[in-house]
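Every chain is named by a letter (A, B, C and D) in the order it is written, and numbering of its residues begins at 1.
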Amino acid sequence: MGVPVTIRLQEADFDTAREIAAMSAGRTDVGAVVSFSGVCRGGPDGDAIDGLTLEHYPGMAEAEIGRHVAEALARWPLMGVTVIHRHGRIAPGENIVLVVTASSHRGAAFEAAEFLMDYLKTRAPFWKREERAAGANWVDAAAHDDAAAARWTKS
Amino acid sequence: MGVPVTIRLQEADFDTAREIAAMSAGRTDVGAVVSFSGVCRGGPDGDAIDGLTLEHYPGMAEAEIGRHVAEALARWPLMGVTVIHRHGRIAPGENIVLVVTASSHRGAAFEAAEFLMDYLKTRAPFWKREERAAGANWVDAAAHDDAAAARWTKS
Amino acid sequence: MKVVYFAWVRERVGKAEEIVEPPAEVSTVGDLIGWLAGRGESYAHAFEAPNVIRAAIDHAHAPPQTVIAGAREIALFPPMTGG
Amino acid sequence: MKVVYFAWVRERVGKAEEIVEPPAEVSTVGDLIGWLAGRGESYAHAFEAPNVIRAAIDHAHAPPQTVIAGAREIALFPPMTGG
């Protein structure tokens, strides 16, 4: 029996609550569930973001997330992994991404969720375009995200 | 305007979904929400746990959790913290504890949630008693939990 | 001075709380644990390994060398296992 | 050979995908980027900073030195900003 894995790319919003509940429903072997929700920020007053458009590379996005989930399963004793990433138009306050990890102990669940988020940020083929009153612009990649991802590289 | 903080000790179960949703509802400044759910495990076949009873020290438990939440708020730029810890009888598959942290960036939310969990495990006055077919026994403190908590100590 | 017990310390002592009046030379948490251990068989069992006993004074953690003068409530309990 | 573009690379080139037939001396991803940059003003703009361009061959990340022979689909895009 394998570990339950859910990977979904979708335009529609998702129900974080349902995804977390599904991870431990009807099971008594899961001791720890960690979730990460990435939410579209509206930006500070005076520089308000009206929303995001997320472009993605269909086919590669699924493949790349699948590879990282497989690596997480190999590195930590996980009992379930869910990754959902939206694409298309996303309004401030709406969900962008969800990662849920389950394990019998909390350390594995926390580390695997951070690992998956660091890789989604830097290796999954998605590109954010911010819309402001002054116009739209592509978000620059952040050096601190590359640094975060680099800490998982085996030396 | 302070950061919204919720601390609750209760016998009743809680709704993880509602607590996470409350953290970002009606706000567009929150970019990252991390949740940790600790769930009562049933134990492996042949050594099944029928449930837990959680004893706590009323008054001190609230005070101790409050001190750790205050420390988390001082160490990380958080936009919300929720800690809920149950006491009394808890059946396998039921929630024991929930920590939810919100921030504008994911690193702070992940670190603060781990910090709070490590301290709840080792410093909050709760004691678990496991019930098995062969009888009940108090759970021993785990050395790895002390080690996990020690990594947050300022040197 | 009110002393409260939790988990297996409470079970071994056989009560959840009591008022005690230790002599003046019992000045620290560690002294109190040692003094209680001498009060009879159930106390000796509860406090047979003083180094595993944790303490709080008025709802705040207190290491063994903490002076107990002025305490309203002293709690004695095993290492915590919450979360 | 099919080439696909994303985000501001797609906007600058002015198309999402095309079929290209580079000469035989274009053997790596880096060579391809350099060759595309010479195809006109919009390409020159898209590939003006080759070191920031990321590539994938058949849905897997491919560094600049990767040989492109046998590729079905080569993607060129800016650093990713998902999550």
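Everything below uses one rule, namely that contacts are C-beta pairs under 8 Å (C-beta built on N, C-alpha and C of every residue); 3 or more make two chains touch, one makes a residue touch a chain.
Values in this document were obtained by computation on a predicted structure and should not be read as measured data.
Asker: Tell me which chains count as touching both subunit B and subunit C.
Answerer: Expected: no chain.
Asker: I'd like to know which chains remain joined to each other by touching when subunit B is not counted.
Answerer: Components, subunit B removed in thought: A, D | C.
Asker: With chain centres defined as mean CA positions, report which chain is farthest from subunit B.
Answerer: D
Asker: From the C-alpha centre of subunit A to that of subunit C, how far is it in Å?
Answerer: Going by mean C-alpha positions, subunit A sits 48 Å from subunit C.
Asker: Using mean CA coordinates as chain centres, what's the gap between subunit A and subunit B in Å?
Answerer: 22
Asker: Report the inter-chain centroid distance for subunit C and subunit D in whole angstrom, where each centroid is the mean of the CA atoms.
Answerer: The answer is 71 Å.
Asker: Mark out which residues of subunit A touch at least two other chains, giving numbers and ranges.
Answerer: Expected reply: 38, 117.
Asker: Hey, what residues on subunit D touch two or more of the other chains?
Answerer: none
Asker: Considering every pair of chains, which are in touch?
Answerer: All touching pairs, sorted by chain label, are A-B, A-D, B-C.
Asker: Can you tell me which positions in subunit A touch subunit D when the two form their complex?
Answerer: Subunit A reaches subunit D through residues 38, 54-57, 59-60, 63-64, 85, 96-97, 117, 120-129, 138-141, 145.
Asker: Given the complex with subunit A, which residues does subunit D contribute to the contact?
Answerer: Interface residues on the subunit D side: 4, 6-8, 56, 59-61, 75, 77-83.
Asker: Could you please specify the touching residues of subunit B with respect to subunit A in the complex?
Answerer: 16-18, 20-21, 24, 26-44, 92-93, 104, 106-107, 109-110, 113-114, 117, 144, 148
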